[in-house]
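Please go over the structures that come below.
Here chain A shows up in two complexes: once beside chain B, once beside chain C.
For the complex of A and B:
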């Protein structure tokens, strides 16, 4: 049905053309789900945009053929191409929060799309829209259809997006990271839906994703991309099960396994670790010097956090929203506690309460033998402000863009009065960069000059320079590519062992937690449903909710 | 939603109280009101008597309360200069300023929004570049220069339009309007244009920037990928979303147009509040200045309140959340 041969996409720039896609060939049959997988910059989305004719200018198709059925997609005039969009090829975007027009009802958007391609009356179009929403699993569609996008939850919204892509009966749907922004439970429902639509309606899908688990779960064929080129292509079972290309093998090795724990990830050899020289050894000695006492555990008892709710009535006090409900948790000294749960389960709230960023309503927190006061009651000079450090999820916003790396790293040293000598602080910052396997020559650069993985290393380095005993990592790798994630996780493991750190590792990704954690705690809507030692947990979790979570996570059969 | 509007109303009351305090202190502390009112030959005893009669020896709070209370009852005091009630003077002048401001705003919207949309849809076109260049010149030239240039061209050289005053006016229930005679419109067009040019460029650039932002958003890309006709895509999907932030600025602008019409009114000898204010400054007519301040603040507060309500009308996300 869709046949792409030798596709080359170029972006003209001042320094000559930049080739984003080079000689890519893909065939998609009706009812086939074809996965495009690769890391950021691999050109996955560009291929999708080229097929549907929505390349961001000034990008253009430089060579190759693209045919859909008998139609040569490259020969279409702009008007014909626009006519064909929606009608024959449709698209699903990553974030259901932003891909619907917030000012129009679902009904208006559906009817408008149907009427753009079919000459039908509004009432017929509405009936068709309602039927489609029912089919896609929105209950009570006839009345819900009049709602605005913000009145639907994330998963329901993604269903509406799929309904919109589907309402004109296209032959091909390009799904660009359709489940990346969703929780596992919703993700698995949406993936099932896509599989069902391919099987029952014979729609061809191009599924663009960075998540190999998703690829393994539902695709028929897969194309592995890197730097705009095809590394390997073929039936999914063959490509993932017996990868031919070294890159595919490296990629597979970097994927965290849900089914077993590895001591270290295998990372491609071209990223050989920097061997620390004298400065690195010095920084290491300095850090070890500060942490000679044993690890510090964390004891949380009956912690409850409430937030002010939205006011619904003028005379009634708003109902408080309970973010954490009576949570008790013990993190053993020197261990890694994995904290898992879906979005909104209170994972980050717990992290903020422990680090004193928000005030709980009740409960106690103890670091070692010291009580941790609530929120603002914990003074700036309280020792736990130094002992507890955080690594945040988004490496793009957690570093001050106007500060040089050297200043960012030296800040905790000055702030906590650890080193009074400026030259000494700089030397430690340089040594620390070596410990996190970065080139010390970059010390005078600004954060925007680094990639996501490098920034996350800097964030880890900054946290460690405070000589912490307790590290909170809130989704530290979920914004990173798998191979970079593998490197950062390796680094965290090494540093944890070296400095005997206690870590609270927050993640929604169970496979990552299995690799990192000694114990696992599961949160569901603010309640702790289970705490267990890691290996027994992954073999046989006790709580029903944990079992569901585990079973919904895409497993890698290869 | 009721809660939201009530909250806004309460905030407005506080803003007005703060402005009243400012106007009152202007009244009370900028110069001595008694020496403003009396001549050099008035004896010290007479002055003291007057001070007592006017209640100027009362405590500050009592005076402020009386001032605010009088204002609420529509008693704005008397002008030092003309001995007329200030309320009457302002009421005489309000129609001229409001009509000027409204027509200026309408000109800026009618030209500014389509121009903004056009330049956003064709960001690299020749016409776009020309419009952007011209408007840059428009922003850079001070208002009074534009006014004088318009007077020179249309009033003096071509002799098409009058250069000062309101022309023919019609009185409708105490509101003197120049909108119902050809003559009145002829007199209105130049000052309104002068006042509107700056707002026009601002509106256009804002619409352009917002629209380009919206056109890059996911829901527009998704709608394009569904093959929604471009016309609908641009004017229904994109424009509505563009207008949300633009409305705030336009609302604030309208307040600004009313407040800062002083320069234009003076260039065209337009008998509005701005001109009255200028005359009052020249004669240190503090009661008029104080009331002018309060009236302008009232317009700002009113317009902002209207903008907030308009928000609710446009954006469903701000309406009461129904159970999802």
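For the complex of A and C:
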């Protein structure tokens, strides 16, 4: 059905043409789900955009053929291409928040799309819209169709987006990261729906994703991309199960396994760890000097956090929103506690309460033997300001873009008065860079010159230079590619072992938590559902919710 | 270092934007002319003893009946237009720059604090800003002028005209800076690098000025250029209406006011020459401001 041969896409720039896609060939048969997998910058989305004819200018197709059935996609005039989009090829985007118009009801959006392609009356279009919603599993569609997008949940919205793509009976649907913004429970429903549509309607899908679990779960064939080139292509079971290409093998080795715990991830040899020289050894000794007693445990008792709700009346106080409800948690000294839960379950709220960014309503927090005062009541000079450090999710915003790496790293040293000598601070910063396996020569660069993984290493280095006893890692790898994630997780494991750190490791990814944690705590809408030692938890969780979470996470059968 | 500067994206964009280059040249010429006015101008327009009424109302050199000593003609007092404009631009630019800088310091400081602390402080600052926006600059100028006259001895009034004018303009411009700084601070405040600084227990002033301020400089720079143009125009407006500088130490606005009297009597150059000069100055600054906005705002690229 779809046949792409030798596709090459270029982007002209002031330094000559940049080749984003080179010689990529893909075939998709009716009813086939074809996965495009690769890390960021691999050109996955660019291929989708080239097929549907919506390349971001100034990008252009430099070579290759693209045919859909008998139609040569490259020979279409802009008007014909516009006709074909939606009619024969549809697209599903990542974020259902932004791909629906918030000011139009679902009904209006569906009817508008149907009438744009078929000359039918509004009542017939409405009938068709209701049928479509029923088909994709929205119950009671006839009455809910008048709702606005914000009245639907994220998963429901993504279903509506799929219904919009189905309006015109397309032959091919390009789904660009359709489940990345969704929680696992919703993700598995949406993936089931895509599989069903491919089977019953014979629609060909191109599924673009960075998540190998998703690829393993529903695709028939897969193409592995790197730097705009095809590394390997073939039936999913063969490519993932017995990869030919070294890159695919490395990629598979880096995927965190849900079914067993690995001591370390195997990372490709070209990323061999930098052996620390004298400066690294010096920094290590300095850090060990400060944390010789090891990490401190954290005891949280009956912690409740409330946020102000939306005001409904001028005269009544708004009902508070309970973000954390009576949470009690014990993180053992020198251990890693994995905190899991879906979005909105209160994971980050707990981290913020512990670090003093927000004030809880009630409950106690103890670090070692000292009580932690609430939020603003915790003074700037309180010892826990240094003892508790945090590594954030987004390495692109957690480092100040206007400061040099050396200044960023030296900041905790100066702030906490750990080292008064400026030259000594710089030497320690250099040594620390070595400890996180980075080239010390980069000390005078700015953060934008680094990749996400390197920035996350810098963020870890900054946290450690405060000589913390308790480290909070809030989704430290969820913004990273899988191979980079493996390296950063390896690094965190090594540092934890070396300095005997206590870590609260927050993640929505159960497979990652299995690799990292000694204990696991599960949060569900602000309540602690279960706390258990890691290995028994993953073999047999007690709470029903934990069992559901585990069963919904895409398992890697290969 | 110089080669890297020449090769940076901002300079590259500049080299490929003819409008920005022309505007830059015009702005530099005017700025240079104003800066070096005492050496460039052939006469001192503030010194009444140097001109003679016999030279009054001479047209520019390309018109009939002109005098080669006065390139762009003279006004009714026999004042050389070139010298008057150079010295006028000097005053206009001085007041504009000072007002813009005062407005920047005031607005950015208040805006940063409002965005950082939020809540009641934010509400109070922004309501004051709203009130300020409801007062026309001319009223602010009259108010400050009135207060200054009431408080200070009469002998110092004339010397204070420039200060009063500058403060009045600064007061009507700071709101732009405060609003922009506050909005950008709101965005930056929730970024993780700021949270990291807060968790570490850094002093709020350090978080504001060391961490946040460098990250919101881009939009502020753009406002600074645009508001420099506004400040110069405001000064011209106030002087034109008679609240600004007096006729014996003319700024561009004062020169335009004087020129108005001759608009219908045939001596067009007395009005048109300073007006066109002011337009060229303001337009070139605005083009440069737009160019900076495009370079600093990746969303528009």
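Keep this in mind: the second predicted complex is superposed on the first by the 556 of 558 C-alpha atoms of A that agree within 3 Å, B and C clash if a C-alpha of one lies under 4 Å from a C-alpha of the other, contacts with A are read in each partner's own complex, and residues count from 1 in each chain.
Definition applied: a residue touches a chain if its C-beta (ideal position, glycine included) is under 8 Å from a C-beta of that chain, and two chains touch if they have at least 3 such contacts.
The structure displayed is predicted, hence computed values, not measured ones.
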Touched partner set for A:54, first chain B, second chain C, both or neither: first
First, second, both or neither for A:529, with chain B first and chain C second: neither
First, second, both or neither for A:460, with chain B first and chain C second: neither
Touched partner set for A:381, first chain B, second chain C, both or neither: second
Partner chain in contact with A:339 - chain B first, chain C second, else both or neither: neither
Touching partner for A:389 - first (chain B), second (chain C), both, neither: second
Which superposed partner A:214 touches (first chain B, second chain C, both, neither): neither
Touched partner set for A:350, first chain B, second chain C, both or neither: neither
Which partner reaches more residues of chain A (counting touched residues only), chain B or chain C: B
Touched partner set for A:399, first chain B, second chain C, both or neither: second
On chain A, the residue positions that both chain B and chain C contact, one per complex: none
Chain A residues within the chain C interface of the complex: 14, 355-357, 379-382, 385-386, 388-390, 392-394, 397-403, 411-412, 415, 459, 462, 466
In the complex with chain A, residue positions of chain B that touch it: 2-3, 6, 217-219, 221-230, 232, 236-237, 240-241, 314-317, 320-322, 324
Parts of chain C lying in touch with chain A, wherever the complex brings them together: 12, 191-193, 195-196, 198-203, 211, 214-215
Residue ranges of chain A in contact with chain B within the complex: 52, 54, 82-87, 89-91, 93, 95, 98-105, 109, 112-113, 116-117, 147-148, 150-153, 156, 161, 164-165, 168, 310-314
